[in-house]
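Have a look at the structure below before the remarks.
Order of writing sets the chain letters: A, B, C and D. Residues in each chain are counted from 1.
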């Protein structure tokens, strides 16, 4: 932590900061600059009861600048080699780019079975589908609940694809864990720390989506909540952030992919369906995600998007998804990977 | 819902849109413009299984524009007179500007008792204090839990101030409801719909904070989740949104106050402590919030901010809080209200 | 400048950074932390040919953190007492809250004369009106040009109000300076450094609006461009920033007022018309701006807003402006100022 | 334009809106919905003196929703086939992905000659380099001015590469046009309409960068300013937008590429150097840009980035640029293009 003093800070101000730094358990290191004094507080904040931000309230302090990134277990410093997460028989995080596909919501038997057969045939290796849906409106379709889980399990039986599905409520953890192969934490719950702790205590791999206004640092801290509870099977998913631009539903932040690959050993995948929000942008941005280094893609596919009960506008028809897969294989190869 | 066709949309495209609109249960109304055709879909989407956004995937459609705001119970159209929410013996939403104050977290007996006595003396009428804390880092102080609730209840006994405290985990609902007078949903859970439903089913008033990237519309939809479960005692709280500006911790969006007062009958309060993140900006922005029409303020006060275990940098000392109260009374009077 | 090394930086990496810091003309100060080394580079960057950010490219460097704010003449450190800017016979920056009002664009004689008489009567002391308009579309009304300036001068003659009007093109500087009392730099030109230099070399006071995505620091740097050319009569104007929220045209960032008043000696005013974009939010946000400490307001008033050629939706009718003025006087008094 | 009435709008309110729509030269089309009335105003706003937004001020109006995109010449509707822009002997916008490379600023003869020889050898076909620099601080290096232009011309003579360089001040137009092959409008001047008009009247091709907070619509309107003056040789460049994320210097918005390619016939290139701001993210994001459909890349290369006078931290060394080119060729081929 670096504490920058105001240019008119008095000697007494500086002394008070130094003594407070020491009281809180850190060493103080003073740099006298041309215009102002800077105090370096040496020591690892993580685990200490008191943080140093509060020092900003002392007289004469201009600002307090953190130096250390606050995550540990998620960092490359802690573990330099890539983590590979196993979902059913599929490995996420190795040289193969994993394709997760399926409808936004499970709506009925025909829909999920037909769609899952189509994505399997096109080359997807994991099936997605929501049984519990976080909808902006309480009056929108909220998912089929346990019936949806049963239909997903039926689709897995037919296609052999492992299942990832979202959890909203800790009370549903047991039933979802029973039916599914991977738990998804959605963007709206990216900083729902209670839920993160619960899935951290489960033995299921977790697909953690970035929140709409979650910084990369906060995203890694959310992962740290899960890791710190003992569950090391976390896959990060970029799915778009909220900005001023409305031409796309979100601003799909592909930069997050190389940034995350640099900072963490966890696998990083990308969801261009939510990231862009319009089916016609899904394919180019899926290819871009692979070129940027993503370990996988998550794509919404629906056998009849125009009657989908959620996210129809951003879902691909099976034929378009098949075309995407063909192009994705070429791009993966061009960057030294395979699908 | 307005469906805008592309300028090169064919007759067949337009017919397909019209027939789909009808199939989904709406009436279609066609406007032929100079350059393109626009189709109005008449009917209330709320409660219908299928939304019209998915029509965007049909050939020839340029965009789909929603017309109706999606909330009902929260709207002024549904209820034009202001709602007044009772918390203990305090009423929020009438002519009196309510002041909620207290520390970010309950840390120990001396801290909460001394701080609550100080805010009571300065004129606050509700006590805030966190027992369960949503911290960005799993390694930061997470609150005292039930022990914190007990200390809050002790402070209430001494000062007579009703208590508002945050809930993170639905499993804690009963114990928090037992000790507190009002449940707070924090910014990170503003779109945690499972939690919103649980507090909607409780009989406690709810303080709902705006999320960091929650639009006004989504904020009202979050309130709608609570209202639609039968709990009509919801107070909205603006606490800053996330933007590019880093001179303040968040961008405290005071515009939300007149916008919300126009659109909803629910009381609207403001939290300049989180909104700005620096103690020196809290007083001017608290005054501004009252001038903008806020029904109340929520202010972080700590008897010794420099050793606070959370949010010390944005907490006021009791003496500064007392000075704020004096100035707030004058501004309230200037806009025809009282404190 | 603080240079944070990676935890696995080698001794050679650290030596290379230190020698580069010295070569570029700074002193190096080393802090060895628990997990990583931090190097403080002591020296004032301003005026040095080489900046230290480029050091980020050296092997082993994690990040480079600037310490010094980059503006000089605009800072409170340079000049602690408030600057008062004189526009005609009006002083901006002293205890009186100055009200600038008038139409978005000058449209014709009747419009500008009627509107200026109305704002004068309600208590405004400076007249605004655009003769050269920065419109998003080249097909929109672009202003009357010199004819508009002549009409403004006529309105000044009748009402006695000094005039502020926007400059877009350096080629127009002489003609605009001839007719007007104050030059306005609009939000879209907030970082048009060529134009800032030109107005910096003129002897007219400058009203500098914050850009839509300009941070407080960049805003002060834009002012610094003008100041560094020798023109010290700069008034800053907050007018809303661009965020994800669309319920208002911009997000009027009132926090900027106390932040700027802390960091700079220049007067700070607020424009709730552009800040909110809807006439019904102008009055509450104008009152809030005064409560937050603004030295003045800039309000769009039009004698017939519904036929305005620009910004009609955010303009007040004279009767509403008069009501605003009455309320503004009360709030100003409540915070120890007058109008 | 769609005008949405409030649910409690009176018959008189609705009549007044309809008559105003007609007065302003549009046809009114009424849709009576279940809860509210919607009025479609039919007619092309472009070229009409009065816009319909101002109708929002009339009693009973809830909101005014524009239907038509406001650009004409830039749209695919106006011209469906791709525009190809010629810069020297290089064509931008056909199947070949064009690589523009060079230093941020021209610093001295050795630097620009060595760097331009290196980028030429690696396969770049256009040389970039700033002679007039828009720097946040007036105390930073502002470019060599005309001397910089002369050095660029010298580099062109040696390498044969055409030159693109930025214009800040309309007064410099003639001298810059004399030396260079393409004029660049930088992000800070993306809505400097005066400057856009000047370059629109020149006969040089223009590289128009997206502003930090420019929406796609506004970006196309900025291009429209140039096109409407008669200069049809405009290349659009995505270079990152401003968001809350600070892990990258800007949020490089690759989504803009497929969105722009859909909406306009103009070529679209991408600048991952400014987009990300850190050299280590430039290569993955350059590859991603090609996969997303970019017609070209603009890359900052410096023969000694650690002593660059601007943007050193985001510049590639020639060896890294050569490696990028090798990888870029493979990705271009995978998406059916070449370099």
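In this section, contacts are C-beta pairs under 8 Å (C-beta built on N, C-alpha and C of every residue); 3 or more make two chains touch, one makes a residue touch a chain.
Just so it is clear, the model here is predicted, and its values are computed rather than measured.
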Chain at maximum distance from chain B, centres defined as averaged CA atoms: D
Rounded Å distance, chain A centre to chain C centre (Cα mean): 38
Gap in Å, rounded to a whole number, between the CA centres of chain C and chain B: 30
Gap in Å, rounded to a whole number, between the CA centres of chain B and chain A: 25
Per-residue multi-chain contacts in chain C, two or more chains: 213, 242-244, 246
Pairwise touch network: line, ring, star, complete, or other: complete
Chain D-touching residues of chain C, taken from the complex the two chains share: 20, 24, 46-47, 49-51, 53-58, 64, 70-72, 134-141, 168-171, 188-189, 191-195, 211-213, 218, 221, 224-225, 228, 242, 278-279, 305-313, 315
Contact footprint of chain D on chain A as seen in their complex: 213, 215-217, 241, 243-248, 251-259, 262, 275-276, 280-281, 284-285, 287-293, 327, 330-331, 333-335
Residues of chain C touching chain A in the complex: 2, 4, 6-8, 29, 31-36, 38, 40, 42-44, 65, 67-68, 77, 242-244, 246
